């Protein structure tokens, strides 16, 4: 284990010393791109790649858009070339060489461009940021969205689960990582370093993040966990400064109360599922007393749905409010048959089930606005996760506790 | 920098604890493979992938061959499906969705299989070994060779230069790494731990290897370097136990006297070029006194060529022998116009030039047999490397010193 | 080097698991102390030591005072026993055994007590804090002050320069270390994490601390350094947010603008001298462009001295103010012949010389109050440090630049 | 935990760059020593200390002896000075100042010399080696033996249990550490790297060592452990290449089969007791299935004792042989009442009990010679260790199993 640390303590990207300074061309960037794709070896390639990355970094938005347009349009596949390769592949009996030609024609040159840009030490993060720009600039533009598919295809390969590293984030973590945790927290904002400390240092708090070895300073996704006795019913209570802290071996439940993606440029590459399972697996090994894994999750679409489905309805009681929330979570569906609530889709897709709903669980302004204060626990039952997932994936079956099912049934009787 | 070590000191793959033990199916492996490719999420996927890797590991050669045949044949692209996708792509004006369909049809399911197998922590090395098996078993089988192209395509992406880590190997390195250096040394065999120590510990010796973060216990390629005053002319003198050791700051020359690839399963993924340049770059920063970077290289094809080109010729003198060697290196070409000698092709392709040849430079049995004891220095001149590479890559120009050019010219006058 | 990290990554103290929980006695602590000193081996010793440390940790101030009184009084040397041992030592010709008896009688049992308490992993920091308590409680009590000499004697041995580790503190350092830097900064207060970041992250800032391996979470002393072109004349300018940041290789001067001791319990164990020299030595190796090492130091006693020496005097000009400051620094002496100013004593004792004084150099409320805004640069001239030190140590010679000497001479002509 | 590694990854001693090269005096070393002891600060001190260490390193044996003689004789305590200080201490009522004078007079200047030598980074190991020289050269010389008491006194403080780091030694440990394990193994010699590997790599083997942070490349003591089912009865069976290896969680017993001290210069500073207990404590936490901790120990004095106590006796049976061995272990005593066997004294002093004896347990030439092949298991019973230790330490009670007691009783009936 230490060997790994040992091996990697040499961070190439930070101490890389090129053979002379990166030279800049006066040529248009399109010419440099063509040169990089056409170059026969790494010798000149790395210098060209560095130049493109550096120049991209200094571009204005409109220049970036022009750059993406060029790459999307001029470095796309050539259908006729691919058809010819396919013909030869079939005619000549699927040999190695004919297959190689199909592969070459089926892959647009822009994929090779992205791979070659990545030869530059430190380039991976730059490419992730490049894709974030692309996603922002692409809106509606089909050619750019197609280009994005190439980025995403390569990133899915590079950020394969097998390459990620799980790392506990604690009050002993480096400050420059912690400031990113503060910045990236998307669910329950962290207001200050003191606030951060309260989420990391107490014995009943945990935080874990995935990292990629080529981006060691950038968390990809992180989850915040509270260790509790019994299932948490209120996020304000959970985060209260003056709560009684538990010793970690007193806890019987791990509550995942916040999951945040950190990199816009990795949109569509899913890490959350792996993260929750890896963390649960690690916690159960370290703290055998923990038997229950739940979330304490927002229901972001509830108020909006309620206003549309039952205009003017003001729930008469907590009971009624919770019934409606349960109904929304497990019965309100999109056209494709999946649950309307995005957080529900995420956890159900992971194999969790809808376990409990709680009123006055998030009394923040945001919590009241989006879900009238209601929150939900999704339960990760280790023995049922695979089966739940299967049912959801194949038949859109929504797993729920009998309590939730009962509440949802009661909701049907509510009239405006 | 230490942060990076810190982040990665948690090696997931070694402490990974699955949600219960990997279950084994009684189904044929083809069914499990189909299941893995078809699975909609990671939940069941990782378990299936683990099962396939475990079962593959226990297979006999013929079972492995059958497994590869299945993957090569049944998980290939379907040309008609790809043609239809292409038609739609052109007809509908190259939208994101039509492009996505082309990508899906152009990539054989076996690529997705390999990627999903790699989700299992630790699987990367298993996949590299799987490809080594494939290369051994494929000989001549076009379908299997086509399958290998898919492995190679993915590995080129995974083992991108930007993901590799350069690491010095020293007498303070872990023993389980060092024993692999002993095992993998391909040029000048290391006979014992004592012999190894003599190549690592002295102040005028260096050794560097590339590693991949997902295979921290496996060097990918390594180079052994001797720091000298002046250019080495004999490998036996270079490696002699009783030579005078230099303090590292006395040296003016770095001699790369051995480069060894370690992983059969990474054949065709070239690291040597990057390795030499990175090491040269690091050495020049650490030891500014070093101004010359050369190899002391074998000429593996010389004797064989000489016997064919000049049957019965016994060189009358060292001079004549060296003339013939110089001629062989820079004039003897294959049909494709590239030099006949494989080591020459490697270094010339990197941008080095043929600098000097020496008689009685490798008096080992192997050295006498393959090149009559002659060795060659390829010179890496930092200012000319890019230009040399370009000339070689585009016009097959072989860069050589005037000394070598003169020797080669003299060789033309030698008659049997 | 990584080996060292590797070896030490196992922090015994944090994962130490005793053979069963520490048992608590109902006996008075004096009895447990007696038992620990008398115990013949470590077996029971560690448990007793742990018990004492735990119980001490829970004591109120008056109980701690009683504890110290007991240790100071009842575990002191016994003069008659020492005299007898001395007699035997001389009578029997200074044998090993008679010397051993002298050693045993000359060392008070309380030193052995402190050493045995330190057998408990993690105890070192607890003992340092114990001494901080002692120093606070001892005021004026000769017996307790004598006990403190024993602590100090042992700490001087344990915190020997050879055991300390210099460590750069950066924005990548662990947050729990950084919060201590904020807390311990004694010269120019750090107001917030943002303020801290401005002292750590810019390319022209450095911070270094000494650590002891047995207290890895506790800096012992740290120094903050600004890299500048030319000698800094104002601490507000030096720390200004909107200053132009230098690339580190543009700098020609390193300004030590703050040195803070962190551990009250290590009072009298001097680290500052070593720290400055080690840091200067490291900087000169890493950044050869840096040729000048100076401080930008407060003159804490100037205003007080001025009010006493020249009651009612208001300097008529900057020139006059600086003359008086220069005079104060190099001419105003205590009865023992040493300079009146404590900071001057520290740097002159290290071998620095008084180089320049600046008006309006610290315009903070504290700076105006204690020295009318004047600050001083002490110069560490590597070639003269040993000689300056010698002169100061043996003859109280104060080294100063001719500029300072001239200013001080001019001060003599100032009359109230 | 990683923080600690992080902090210490900067190994000061290896990158220490003094302010200019260490200067050499032409003065006799006695003058340099006097200068170092008399120096008032560290400024010149470190240079002087370095000079002394360097010059010592180059001395011949006779020069070293002369050096030790000087230090032993001329830097000893001055009894009259100490008597005067004692008088003042009592007369003036034990003030801080009078106590300081006693401390100063009671400590010989040579202790301060050793401490100041240790200010040089890396000096700790040099001082340990210096003491090894002293012990070798001192034989019988009372003044030198007295000097050794000062070394030992300081080392006991520096190598306090609280400063040591336990580290597992594995096949992934650095080669330069492993070669020291090979060299220092004192009980069952390690013949080769292959042999070493067989003691480190199998799942049922462990090795642990203590290190001191200031000597990270030097193990102080190490223990080799075999994990077994049931108590091992033969060291050859235990070490056999072809034994069935256990998975670590199959084991119920940990057998400490070899403990080796590594540093002659730390003679008399006991680590073995702490090491065994720390390792047992770590093993029980990591492998809860392990319930029994025993040694498999040689009985080095048995044959010698038997030849003296029962001249000419050849045991008639294994039973008789074991009876005699049991008798020897628990009944044969030295004049001071302690067991004759040195290994027995060590483990009994640690609180172990004599558990079983086995015939044909060490059939090596050495084993047959020193104990007729008999070996013994000492049992570390966690619940009785403290009590056993107490009985042994205070009343020389030897703890033994009833089996051993019975065997010893039977021995009394054996007549020659």
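What to note about this one:
In order of appearance the chains are A, B, C and D, and numbering begins at 1 in each one.
Convention: a contact is a pair of C-beta atoms (placed from the backbone, for glycine too) under 8 Å apart; a residue touches a chain by one contact, two chains touch by 3 or more.
Everything numeric here is computed off the predicted structure, so don't read it as measured data.
Annotation, chain A versus chain D: rotation angle of 180 degrees from the Cα superposition, expressed as a multiple of 5. Among the remaining chains, the Cα-based centre furthest from that of chain B is the centre of C. With centres set at the average Cα position, the gap from chain B to chain C is 54 Å. With each centre defined as the average position of its C-alpha atoms, the distance from chain C to chain D rounds to 35 Å.
Listed for chain B are residues 2-3, 5-6, 9, 172, 174, 176, each touching two or more other chains.
Across the complex, chain B is touched by residues 1-12, 14-20, 40-44, 46-47, 76-77, 79, 82-83, 86, 89-90, 93-96, 99-100, 102-103, 106-107, 115, 118-124, 142-143, 145-146, 148-149, 153-154, 156-158, 160-168, 174, 176-177, 211, 213-214, 216-217, 270, 273-274, 277-278, 280-282, 284-285, 349-351, 382, 385-386, 389-390, 393-394 of chain A.
Note for the complex: chain A touches chain C at residues 2, 5-6, 9, 171-176, 178, 193, 197, 201.
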